[in-house]
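Please read through the structure below; I'll follow up with questions.
Naming follows writing order (A, B, C, D, E and F), and every chain is counted from residue 1.
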Amino acid sequence: MLMEQILTPDDAKNMLDDLSGAMWVAGEARTKALTGTVKKNLEILPGTDTVANDLLKVVTQKIMGNAAVSVHCIPFILHPPKFNKYMEGGEYQEHTDAPWMSNTRTDISCTIWLSEPDAYEGGVLKIGEQAFKGTPGQGIFYDCDVVHSVTPVTSGERVCVVSWIQSRIRDPRKRQLITDFRAWLAKMEGTEMFAEGDLIYSALLKRWID
Amino acid sequence: MLMEQILTPDDAKNMLDDLSGAMWVAGEARTKALTGTVKKNLEILPGTDTVANDLLKVVTQKIMGNAAVSVHCIPFILHPPKFNKYMEGGEYQEHTDAPWMSNTRTDISCTIWLSEPDAYEGGVLKIGEQAFKGTPGQGIFYDCDVVHSVTPVTSGERVCVVSWIQSRIRDPRKRQLITDFRAWLAKMEGTEMFAEGDLIYSALLKRWID
Amino acid sequence: MLMEQILTPDDAKNMLDDLSGAMWVAGEARTKALTGTVKKNLEILPGTDTVANDLLKVVTQKIMGNAAVSVHCIPFILHPPKFNKYMEGGEYQEHTDAPWMSNTRTDISCTIWLSEPDAYEGGVLKIGEQAFKGTPGQGIFYDCDVVHSVTPVTSGERVCVVSWIQSRIRDPRKRQLITDFRAWLAKMEGTEMFAEGDLIYSALLKRWID
Amino acid sequence: MLMEQILTPDDAKNMLDDLSGAMWVAGEARTKALTGTVKKNLEILPGTDTVANDLLKVVTQKIMGNAAVSVHCIPFILHPPKFNKYMEGGEYQEHTDAPWMSNTRTDISCTIWLSEPDAYEGGVLKIGEQAFKGTPGQGIFYDCDVVHSVTPVTSGERVCVVSWIQSRIRDPRKRQLITDFRAWLAKMEGTEMFAEGDLIYSALLKRWID
Amino acid sequence: MLMEQILTPDDAKNMLDDLSGAMWVAGEARTKALTGTVKKNLEILPGTDTVANDLLKVVTQKIMGNAAVSVHCIPFILHPPKFNKYMEGGEYQEHTDAPWMSNTRTDISCTIWLSEPDAYEGGVLKIGEQAFKGTPGQGIFYDCDVVHSVTPVTSGERVCVVSWIQSRIRDPRKRQLITDFRAWLAKMEGTEMFAEGDLIYSALLKRWID
Amino acid sequence: MLMEQILTPDDAKNMLDDLSGAMWVAGEARTKALTGTVKKNLEILPGTDTVANDLLKVVTQKIMGNAAVSVHCIPFILHPPKFNKYMEGGEYQEHTDAPWMSNTRTDISCTIWLSEPDAYEGGVLKIGEQAFKGTPGQGIFYDCDVVHSVTPVTSGERVCVVSWIQSRIRDPRKRQLITDFRAWLAKMEGTEMFAEGDLIYSALLKRWID
């Protein structure tokens, strides 16, 4: 799991302001019909808002250009991100994400907070046993198949960007090993140990990427 | 193997009528030069006929939107379908399909009949030991690497649409297991057993998709 | 490893002439910052030269249409090729290629020589223990993860086209086995042994392609 | 699936005679408690009968020494075979075999008939859609995970030997391909095509064995 | 991870008494020479004490016969267990276990406590972020490649049995999925849903076992 | 490929002396009947000579206890070694080894020379393009599926020990990467970089061993 500043706090807040005129519609739950999982939030439909479109292009660049995301997620395809909003009473009960969305195999789920944490009560992102409430511009990246939820918002408004990543390395255990290897190798930069290790690291990476 | 009504009989017959003005050219066999396999049929070359183009778009939507196809084939990429016609003397001797066609790995082969079964003699689709002659709008989906053939048409005319699917799950045995699992799980919809099983099913599906 | 005439010598020489007006800029090394590997050559930036663009389209067709390349490399995606030039003092020290470049997994590296071998001193392509200096139009295809280098050019000018292939079969040992199988099978063409072997070969190929 | 004469008819019949003094006890069903599958037959418990012990050693040698078994099953471990007997009313309803028995992964199931087919009514071995009733000494080898059953014996007595094979190649589709390859290669013995093909065959076999 | 009563508390305490005359020698650390990891405990060398030998046979039977262990660990090979003792000052710093010990691939590590938790201070088993101190006869089973340690014993004496399991399913994520599937399926026992699910479960299990 | 002193030269020569009374019989070629490959040498049949038996036990210990063999071959099972002798006219034409011998999957082939290199003319071990003639006690370890041969002995006598190793890591490319990793890691012993790297190395090793 990775928690990382994707947008500056100011950029995040400005984004929030820029969305003031956008049209929000009810989000749709994949599994509700089958499992009764409640998803109650609002989304801006893709392509319906020019401002949102432009902002999402920026978000895409910020995610794909982030060094920590590159190391931990090894992104191959980024599903077009979208804004969502949980107002009072909004929630998304425990679920895992669909194995794929359009052409993206959803290996890693991403949430970037835009709202200040004290702008709403509740609305905590729970991932397995852990709970998260980020500050503006912070993003969290976690495996899509871990059960997660957004607890009910009891007051205020929680706006985030969400997206999904198809990683070059689908197996989380392989990806973790590659990330650990790279972090270790980075400590050797500038030493004579680096070059030999880089060949081994690259050979392993090459074996495991899609 | 799946036999499924992809088009309504009326739509299939209308399609046949709409093709009356199209230009048909001799189909080309991949393996004839090497193996002597006879392929003798007619095809409408892609992009040469506006009516055919529009009809094939409809066929594509009907295949990709079909629920049974979704469950049994888990389609990822559909190779652009094409019309073919076997006239008297036409046939396609025993063969398997090429492992890929342009960008589509050909996991599953599909034939949709447009002609009425009594519009022609012969022209049976043989797949391994089994023989099929569908009614207008029916489609059959089967593994491309099973030896199959179209027996000689001895009178009349047999018009079909053919296409190929790259599945999200390439191994037929894995795909079968996933299909069986989903069919079984579907029986639990609305019961308290469903949600837990859906997590297991999704985790397995996620492991096996491309 | 495959050495093959991709362009005719005349086409190669004409290409060299046609590039006389192009703008060359310094090539950038992926790993220099980390490992100190020196890369000192010139490249034509993609999209900056209309003549070069057109020539590279031809090169792409020649590579993808070459029968030996098809058999040995089983190409799926060809990274857009580019021209590079090593002038006196130019070199590229020992390295392996990045595991992927934009959307291409770099399984196989390709160098096509345009310059005459006697147009420059040095500038030998070393791949593992072996050394190569091709004639105009010759191309060499080798696994990207074998350590390779271009030795310093001590006089004259060495112009080549380079590209990278994502193969349908990523594992070099599987690819070799498939290539051997196909070469062996080709010897049976026209005999009664062919058809049965073609089914086995195709089934194996189908198992191993991406 | 393989049907093969493992014992001579005479040896099979003598074996039947030699067992006349053995003690038979009720066989136990693995899955009955859970699924209600009825298994009603008799077995000689391992190690309880010296004559049976000696006969089973012979059976083991005959199975492991059989050329067709070697080609189709590529046996690695043979689970100690055992005799079983279905008397009037005996049956074994539809089931698949346990994934392993003691140290043997049960890839392939084997039944060798000792009784004459007209010595009993019913008692047909059904494997998927197919039905079998062998003659003395004949053995049938089939994948353990195909649903199979022994239909009720309505008169007489049906005595067989059963065993299970852990193959060097667990995946039935890989095993089939290897078997097809070997059968094809065998046709080239004595020709100049053989040696090259044997290298390819061996390399593939080596990749796939446990 | 599984916490399970392997021995009754009384059996565990009696075992402790029975070991009073055994000879304990210093345990040896695999990695100390390389990493400086301190391992300071006592062990009874295999085969040096008849009483210990007999007790370990009982432990082996209890582990292999335990239903929960069977479900969670799917044991294939159990490395001969051994007793160890941490006295005041004893500890085993953070480490992972060797990938194999003699013929056992060490997939799962097992500790069974014999001492009462209040018989010693410290001596906590830490597995990743979690800490455990079991009661007599309790056993804990966890993946060998998670970093774990025994914190220093500051007073008293801590006696345990340790062992390692080679599972039929080596990948912890596959094993977890199988365990979840089986637990879910168990809830359907006696219903008409069971038999169909058992076939799917068995087919999956068969795919994944060694 | 590994060339390593397995026995001291003196031990090797003494072994040669000790074998003076052994009975040698003609070796048998696996593939001759099919491919015409000539194998003409002498072997001591297993179990026929007490002296040889005892010497082979020593050889087994020396191979399995050798540190370089442990690092490069990661041996799991060693096939019982045997002595062989090539006299004038003896040879073993180009072949690869059988994929398995009794219970050993033959991943790595081993030859240990006992004779002095000047004790015979010819008798060179060719492995692919390379040729080897070792000194007493030297052993060479190479992949069994590389084509190899012993060229005709034109005078003198060449005595060796041969054996085969089933490695914990069957794929030669994975094994090489592990060996490279370990060699690199060994250079960090005693530094603070070691412990972190050892965890990564061990996790990778654990993934890849049988």
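By definition in this document, a residue touches a chain if its C-beta (ideal position, glycine included) is under 8 Å from a C-beta of that chain, and two chains touch if they have at least 3 such contacts.
These numbers were taken from a predicted model, which means no experiment stands behind them.
Asker: Just tell me the minimum hop count from subunit A to subunit D, counting one hop per pair of touching chains.
Answerer: The least step count works out to 2.
Asker: Given that subunit D and subunit F are copies of one sequence and touch, is their interface built from the same residue numbers on both sides (over half shared) or different ones?
Answerer: Because under half of the interface numbers appear in both copies, subunit F and subunit D meet with different residues.
Asker: I'd like to verify one number: the distance from the centre of subunit C to the centre of subunit F, where each centre is the average of its C-alpha atoms, in whole angstrom.
Answerer: It comes to 38 Å between the two C-alpha centres.
Asker: Could you put a whole-Å number on the gap between the CA centroids of subunit C and subunit E?
Answerer: Centre-to-centre distance between subunit C and subunit E: 54 Å.
Asker: Can you list the subunit D residues in contact with two or more other chains?
Answerer: 199, 203
Asker: Any idea which subunit B residues touch subunit A in the complex?
Answerer: Residue list for subunit B touching subunit A: 168, 189, 194-195, 198-199, 202-203, 205-206, 209-210.
Asker: Contact residues on subunit E for subunit F in the complex?
Answerer: So the residues of subunit E in touch with subunit F come to 31, 34-37, 96, 98-100, 105, 144-145, 147.
Asker: Give every residue of subunit E touching subunit B within the complex, in rising order.
Answerer: Against subunit B, subunit E makes touches at 177, 180-181, 184, 187-188, 193, 196-197, 199-200, 203-204, 207.
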